[in-house]
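Structure below; questions to follow.
Chain lettering (A, B and C) follows the sequence in which the chains are written, and residue indices restart at 1 in each chain.
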Amino acid sequence: MYVAVKGGERAILNSHKLIAETRRGDGQVPELSVRQIGEQLGLAVDRVMTEGSVYDRELAALAIKQAQGDLVEAIFLLRAYRTTLPRFAVSEPIDTATMLVQRRVSAAYKDIPGGQVLGPTYDYTHRLLDFALAAEEGVGLPEAPEAEAPLDEGMPHVADILDHEGLIEEERPDSEGAEVFDLTREPMSFPAGRDQRLQNLARGDEGFVLALGYSTQRGYGGNHPFAGEIRMGEVSVEIVPEELGFAIDIGDVVVSECQMINQFEGSKEKPPQFTRGYGLSFGHNERKVMAMALVDRALRAREMGETAMYPAQDEEFVLYHADNVEAAGFVSHLKLPHYVDFQAELNLIRKLRQEHQDRLEKEAAE
Amino acid sequence: MNAVAKKASWDEAYNFAYLDEQTKRMIRRALLKAVAIPGYQVPFGGREMPLAYGWGTGGMQVTASVIGPSDTLKVIDQGADDTTNAVSIRRFFKRVAGVATTEATEEASVIQTRHRIPEKPLKEGQVLVYQVPQPEPLRKLEPRETETRKMHGYAEYGLMHVRLYEDISRFGHIATTYSYPVMVNGRYVMSPSPIPKFDNPKMENNKAIQLFGAGREKRIYAIPPYTRVKSLDFDDHPFEVQRWPQACALCGARNSYLDEVVLDDKGGRMFVCSDTHFCADRQEKGHRGPMAADPAARAFARSSETSEQKEDDGR
Amino acid sequence: MSDGNPMLTAPDMEGLKPGFSEPVFEAQVAFRTVLNAMSYAGRVHALETKLDPPAPLDPAMAALALTLFDFDTPVWLDAAAADGGTPDFLRFHCGAPLVAALGEARFAVVADPSKMPPFDRFAIGEDRYPDRSATLLIQVPSLTGGPAMAWRGPGIDGATTVAIAGLPADFWAQWADNHALYPLGVDVVFAAGRALVGLPRGIQVEG
């Protein structure tokens, strides 16, 4: 006979064993190592670190292995692990102007001080399946030629160039010591500050943010964006230990950053000028940071005095639905038994149908 | 009871009850405010738990902040102790808090539940923790948190009454069967979580402490003992609970919430208590339903009787 | 917390009294006791604790502080509590910022209720966020030896008689004003020796 979801402990444990077996796959094929994932699936690792809010390539690679390559599941694993970690310090803001650049392009100018640095990008690869990668013997050790001259040390932000002329809104750092909103410790609150919005978007699902950013370009949003600058590379992270009282370097992280430049018509108080949208992620993820910058700008509608008419401008809509750990959890919870509520609905439907039938019969009799 | 004297034993790779002490303090403060303002949703800094959002993370955080080594925990889902998610959450607390567990409602000091209130009346000092998917009773009428918060702030509940009255004009009665909104202490309209409306009357003047945790939405709320909890209704359309023409097929109970169990694909079905412990307890005391001797029905009953043993195998 | 707060002196480590010896479990026991006290308003709840806190704190009061305070909770101390080892005790064991402005305090520690400031100088919450209100922890000489009052409201089956001692003459008149603000208002926990009584804002008190 059929017994609903009453399975209990043994079924759960067996399911865990089955998933372990499925994860391993065919035993004839060598097992994938966490290092291999870290080295050879680096962009997946970058995404998992960004949305998982933990900068640790090894843990992210482990999460990807454990999740059989399901990145949303891997992000969840990393987030749940993050909850158990103590907080030692809050870092100083990173300074991306001092980045050890690996890639840096601007669409707004032909050339820029420090130069355009193409770096590693799929942009100009022809998307043709490369069967060499499928060869048994592998691809060996491909090497890129070294540049003839080292890159400039200083690479000013493109937006700063506009800033000198006052053509772009000023970017004011928060006052010294002002606390930054921390979504991992406080519930969402509205109206949301830009710190809360940016944190939410950085942790937000890449697909969701991408679709929203895209929607602003297609007409569900009124700004015409220019990719002022996209850069990727290493920056150092500093903290100020209470007992020292000055900043010390605790390590480097690779980040991607995007500054979108958008038109702004100006208002009674302000002359027309360019405005900014900002995106930042761990590792190399230009798609995410560009989309994030588009949505960031769209969400600034209120402060710009623009009418919020489109989904990407609606901060409650965007912020409440961007997180894929929350979204995946709630969608998947429909798999849980709901038979008590379903029984209540069955009762109601039967009753309503009976009443309907009675009414028809009564009308027919009259 | 001396929790300090009783040595706790749990998987010490984790903090006791998983959460760190700072998080527990934050949740505990929220719980005290929730109890002081019955039915009001207190925002809290919900943490990611090692269980998916929507699967009981809010209830788990509340339980983790409340529970101590001397507690005895019962976990139910749909009223049953042996549904997979109830088993999974009970295993979690066995592992991270080392607490005793039970299926007997009267033996439990903390009961975490999804979708039901046990049939057996609760006692003073017991804590009932509800898992809540959507804490906002007005959300289906108004998706914006900024708006619903205002509506609660000024007790503007007209919209909810209009919605219920539309049901009456369309169907002749209110067509909400679960998550049926209640008015708590005459002030806040509250979601009772997706319990069937059959359970709503049990919330009023309950002797136990009722705590509600919504993890994904990051809200905590509460009903203290001996508190007024009224299901919304109209003078000419008073609130009613579900009734079944059948008695429980196994224990013969006529006053419990029944689940419909499909026995075959030819329309064969039976109705049995959703509260598995209530039903087993009655059968043990000699109560018999119309199908108690039926082999198919007995096979069904056995799957719940053996769940504790299975769980021990797994430890 | 502003600079120059006289409460902000370095802790005198020598005279510092110890906190919980098993913080995880003792805090859990104390929390359950205060949860019960706030839920079953008006009843006397014994709080098991071995704490030996600095004067003038009673063990129950100190256990509440160690259970509920941390760096996220600004705490206001009345003159009696601010005198002696209490400020260092709370700073060291809880890391709680001590504030001079009553309106900023999430918790108030009142060791001498006869001189306590009026309720309405503490945060009473906001229409949309009534939880953003202060909780006053008031230490009294006795939870049973004062004038008998009738308490009614959530957590009480009908009515119950409570006899808190040591309160100022206008305390219950002020409480009536606080209760009238419902769902806004402050909440109170009374502590004496090793026992607690909860008085949440929803409770109506009559002589």
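By definition in this document, a contact is a pair of C-beta atoms (placed from the backbone, for glycine too) under 8 Å apart; a residue touches a chain by one contact, two chains touch by 3 or more.
Keep in mind it's a predicted model, so treat the numbers as computed, not measured.
Trainee: For which chain is the distance between its Cα centroid and the global protein Cα centroid smallest?
Mentor: That would be B.
Trainee: Report back the single chain whose CA centre is most distant from the CA centre of chain A.
Mentor: C
Trainee: For chain A and chain B, what's the span in angstrom between their mean Cα positions?
Mentor: 34
Trainee: Measuring centre to centre with CA averages, how many angstrom lie between chain A and chain C?
Mentor: Roughly 43 Å, centre to centre.
Trainee: Provide the C-alpha centroid distance between chain B and chain C, rounded to the nearest whole angstrom.
Mentor: Between these chains, centre-to-centre, one finds 31 Å.
Trainee: Mind pulling the chain C residues that touch 2 or more other chains?
Mentor: none
Trainee: Could you say which residues in chain B touch two or more other chains, in rising order?
Mentor: Only 15, 43 qualify.
Trainee: Can you name the residues of chain B that touch chain A in the complex?
Mentor: 14-15, 18, 20, 43-50, 52-55, 57, 77-80, 82-85, 87-88, 91, 114-116, 133, 143-146, 171-172, 175, 177-179, 194-198, 216, 218-219, 242, 244, 257-264, 274, 296, 299-300, 303-304, 306-307, 310-311, 313-314
Trainee: Which stretch or stretches of chain B touch chain C in the complex?
Mentor: Within the complex, chain B touches chain C at residues 2-4, 8, 15-16, 21-22, 24-26, 28-38, 40, 42-43, 65-69, 124-125, 149-150, 152-154, 185, 187-188, 205, 209, 222-228.
Trainee: How about chain A: which of its residues touch chain B in the complex?
Mentor: Residues of chain A touching chain B: 1-13, 76, 79-80, 82-84, 86, 184-191, 316, 320, 325-326, 328-333, 336-341, 343-348, 352, 355.
Trainee: Going by the contact rule at the top, pick out the chain C residues touching chain B in the complex.
Mentor: 22-29, 31-32, 34-36, 38-41, 48, 67-68, 70, 72-73, 106, 126-131, 133, 135, 153-158, 182-183, 187, 200-202
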